[in-house]
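Across the two complexes that follow, subunit A remains constant while its partner is subunit B and subsequently subunit C.
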Partner chain A sequence: MRFVHIFLIVSIILNFNFIKADEIKTENKIAKNLRCLICQGQSVYDSDSEFAISLKLVIKNKIQEGMSEEQIYSFLKIKYGEWILYDPVFNKNTYFLWLLPILIFLAGGAIIIRRFYNKNNLD
Partner chain B sequence: MKSKVIAITLILFFLITFVIFFKGLKNSNVYTPSSNQEKEVPSFELKSFEDNTKIISEKTFKTNQYYLMNVWASWCIPCRDEHKFLMELKKDKKIELIGFNYKDNFKNATSFLKDLGNPYNIIVSDKDGIASINWGAYGVPESFLIYENKIIKRFIGPINDEDLLEIKKIIR
Partner chain C sequence: MASFIGSYSLGFGLFFSIFIIFFSIINLKNSEVLDKKIISFTFIQFFFVFISFLGLIISFIISDFSNETVFNHSHTTKPLFYKISGAWGNHEGSLLLWLLVLTLFISIFLMKSNQQPTKYRIFTLLFQQIIIIGFFVFLIKTSSPFNYIFPKPNEGLGLNPILQDPALAIHPPILYLGYVGSSIIFSSALGAMVTTHVSKEWAKHIKRWVLASWVFLTLGILLGSIWAYYELGWGGFWFWDPVENVSLMPWFALTTLLHCILVLEKKKILTSWAMILSIATFALSMSGTFLVRSGILNSVHTFANDPERGLFILIFLFTLIFLSIFIFIFFHSEEEKIENNFFWLSKETSILVNNWFMMYFLSVVLIGTIYPIFLEVITANKISVGPPFYNKLIIPFLIPFLLAMAIGPKLNWIKSDFKDKFYMIIFLMISFLLSALIIREFNISFLINTILVTSAFFLFFSTLREFFIKRLKNLSQNIAHFGFSLLILSIIFNNIFSNEVITNLKIGETFKSEKFIINFENINQENGKNFKAIIGKFNVLYTDGSSDTLNPELRIYNQPNIITSEADIKTNLLTDKFMTMNYVQNQEYFNIRYQIKPFMIWIWISVILISFGGLLSFFKKRYEI
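What follows is the complex of A and B.
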């Protein structure tokens, strides 16, 4: 009987640790995706400023309240604006930013193909 | 002919890049969120600074009254600079000042107010900084001008004489 008790307690503790580990993982993931607004070029995860410390605490609480990652992002977006997210949303201000790499890629491809065909034609 | 075209395009490219970056140099690198939209005052339930009684936002902010909610801490040096402007604002009966004591210790904060004067009608304390995140605040010092339960203006960083004039103009 005693053995069963100990086994139960140990298994509960182990399970709890797994849940906790998952929480910390998402916590860190969210903090890494947020820009520390008062630091220069640092994420909230990397920063030890008062702002970042509080923000990490808020993320932790929100996860414990059962909020999903997306919900936390949108909560912070309402509070601080889109700038806090590292991933810029696709809109009329950012379409150039998103499309430029694709355009450059296509232009590069076009140059390569043209060169290739020209060379073939010469042969 | 071909090399000339390439040279001209290159020069143009660098010229345009230079102009863009040169203009960018003059832009402020301090990010401020778009402040044109008026936001509702976030509700809070915080402990009073003096006696640990609960202060509820719904009961604190009355309509038809201006409030300046000032985030401050005794360890914050710019807060000392702006304090004289807050004391000045205290004389105005049309506005009430609410102190938002940010991550501070009671002893230091009390002696700060003793030295420089207490401009606040109410002080709430935010020990872990969570409430300030709900306000969308960055840290200390920061001030929110509130009317009819809406944030009508925010001041990031210490208040200066220009800001003071602006506040006085709004509440007049």
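What follows is the complex of A and C.
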């Protein structure tokens, strides 16, 4: 299990992060990771609905107040629920979501390795 | 009148299933030769469904609003092309299209499989008939396209304008050809298990069906993606939207199956795995239909839904899955021990590695798509699984996948070694230097980007070399793999180097950024057949002195009364320039979204290359037989 955890952490660190000093870039990035709650499957960034427009303003203000990206996410999570975050938080509800694919990957590898191991034993 | 004929011929079509099944069972008991009557009846069934489909199209063309489907989805002012495509742009019509392709494919199957054992052909036909009957009943019971309305309305409700688009007109038929092709693979796998025909010959014969479905599925996904790019107005081509995922999952399964079949046609190993994949591909296609049609998924694409229909598909799906599990357990026998020896470094292993990663990608997409649904049912917690999730779980795994993809095809069957493979190390170094340079140049100092680009370049160069060294040998595979490297490179560069602004402008105003100046010159009004268009004229001036004129549109459709935003896209080989405009409520401002997207066209070109590889392989086999 420890390996899985380390693996997961590494893969999280290794993800595409376009952190730019630019505030607008951060703003856009946050907006892209938020679901527009009144739309059908659009992000806040992609939507021009009133909800999205006001939320973009909220993000802008929060950045100017000096909140970090993570703080803004958790602020919005408390206000609107986890539904708004496109990047699901790693907690007891989502252990399976994050770990099951990795476990499947490891199991697949184990099956392939076992094939060769068994064959060698037969020889 | 056309609806009337259509409705009745649907009934006749179902009726012929009885004959087909009856004569098939008699044939199974009595004779070693396939009864000609069965083939004729299969054709007649196809013919009736075809008439029915034609009836629906004609009802759409003549705007016969006494037909409920036409009333709900058409309008007299709609252009003829979209009247026709409207026939399958809705739930009822698209199911009729499914049925049409189902009956067409089984007819083609019977014609093309005369070198296969008779029993196997009959069993395949019987299993296909189960699916066909299921769809007939589904169509007639819950979603008849020929419901009659009295009194006849004078005007229809119209088709959702975002569906009035050439790419989306042909997207469903192409995608369905892929989906339904997998039904033949499914029935054939069951038929082969029952008659113990799972063999190299079977693999050779079914490979063509796998390839054909795979090409259609690939192109179908591509068309949907292109449509989303220019029509939905956000400039992205893939959003990891549940409905997109649903089409991607059978694609993963089918791609895995395709590679697995390559081994199976050489020697009889991995048979159980091939059977599981054949079943899984079709199950995923069916559950895709279920998830989309039941309205469980929250998505931009959810156009029509109804719980009763969802329930029917769910029951039907489970019946088919149980049937196939039953057959797999009781009829399938594993006899692979004899030929099962290959060295760890061999083409067989590399294909296993392909299967391994493909299954992983499939599981990521599957879990990401359905987990939120289960979580909500069980704990009432609503979570979203979006692009960040998929990026995190897929991108790191792409690196070994790309490397394996470059090395795998160069290995020999059974046993291989690293002799004469030193050029690979050189390629790897060149790729690394090249990507390090590019990534540094653009000031994105991220390790992952460099490694990812390196592995993509490595595949790119390795496949490029093959074109010169091996020329026509393995050309199809090489084109497809080359296309994949190009796809990954284009997506990464597109992602990294995209440049976008969103701003509100009035007529006459300008927007200045470091790299360009946008000038909102004026707006014009034009009238289309069923919409009024407001066309903006924008001039974009770049720092290097060049300029572009872009004319994004707002369309106000008459029926249904919906405003859509049409992007204006200037495409050339290096970049796409993409502009949309939208109303800002109660103000004279327009919301302008301007994006510079490098290598956009290469994403489409590489997917076309990938499917072209499949197409080539499809025709190559024909000459060899």
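Here is the rule we use: the second predicted complex is superposed on the first by the 96 of 123 C-alpha atoms of A that agree within 3 Å, B and C clash if a C-alpha of one lies under 4 Å from a C-alpha of the other, contacts with A are read in each partner's own complex, and residues count from 1 in each chain.
Following the convention adopted for this analysis, contacts are C-beta pairs under 8 Å (C-beta built on N, C-alpha and C of every residue); 3 or more make two chains touch, one makes a residue touch a chain.
The shown structure was predicted, so the numbers you read here are calculated from the model rather than taken from an experiment.
**Student:** Applying the document's definition of touch, where does A:F96 land relative to subunit B and subunit C: first, second, both, or neither?
**Tutor:** In the superposed model, A:F96 contacts subunit C only, not subunit B.
**Student:** May I ask you to decide whether A:F105 touches subunit B, subunit C, both, or neither, giving the answer as first, second, both or neither?
**Tutor:** The second partner, subunit C, only.
**Student:** Determine, under the contact definition given at the top, whether A:E50 touches first (subunit B), second (subunit C), both, or neither.
**Tutor:** Both partners, subunit B and subunit C.
**Student:** After lining up the shared chain so the two structures overlap, which partner does A:N61 touch, if you call subunit B first and subunit C second: first, second, both or neither?
**Tutor:** Only subunit B is touched by A:N61; subunit C is not.
**Student:** Which partner does A:G81 contact after superposing on A: first (subunit B), second (subunit C), both, neither?
**Tutor:** both
**Student:** On subunit A, which partner touches more residues: subunit B or subunit C?
**Tutor:** Comparing subunit B with subunit C, the partner touching more subunit A residues is C.
**Student:** Does the superposition put A:I38 against subunit B (first), subunit C (second), both, or neither?
**Tutor:** first
**Student:** Just which bits of subunit A does subunit B share with subunit C as contact spots?
**Tutor:** 40, 50, 81, 83
**Student:** What residues of subunit B sit close enough to touch subunit A in their complex?
**Tutor:** 29, 31, 33-34, 102-103, 128-130, 132-136, 138-139
**Student:** Would you tell me which residues of subunit A are touching subunit B in their complex?
**Tutor:** It comes out as residues 37-38, 40, 49-51, 53-55, 57-58, 61, 79-81, 83.
**Student:** Could you list, by residue number, the parts of subunit A that touch subunit C in their complex?
**Tutor:** 10-12, 14-18, 28, 32-33, 35, 40-43, 45-46, 48, 50, 81-88, 93-94, 96-98, 100-102, 104-105, 108-109, 112, 115-116, 119
**Student:** Taking the touch rule as given, give the residues of subunit C at its contact with subunit A in the complex, in rising order.
**Tutor:** Where subunit C meets subunit A, its residues are 232-234, 236, 239, 241-242, 298-302, 340-341, 344, 349, 352-353, 356, 359-360, 363-364, 367-368, 371, 375, 379, 381-389, 391-393, 395-397, 444, 446-449, 495-496, 500, 582, 585, 591.
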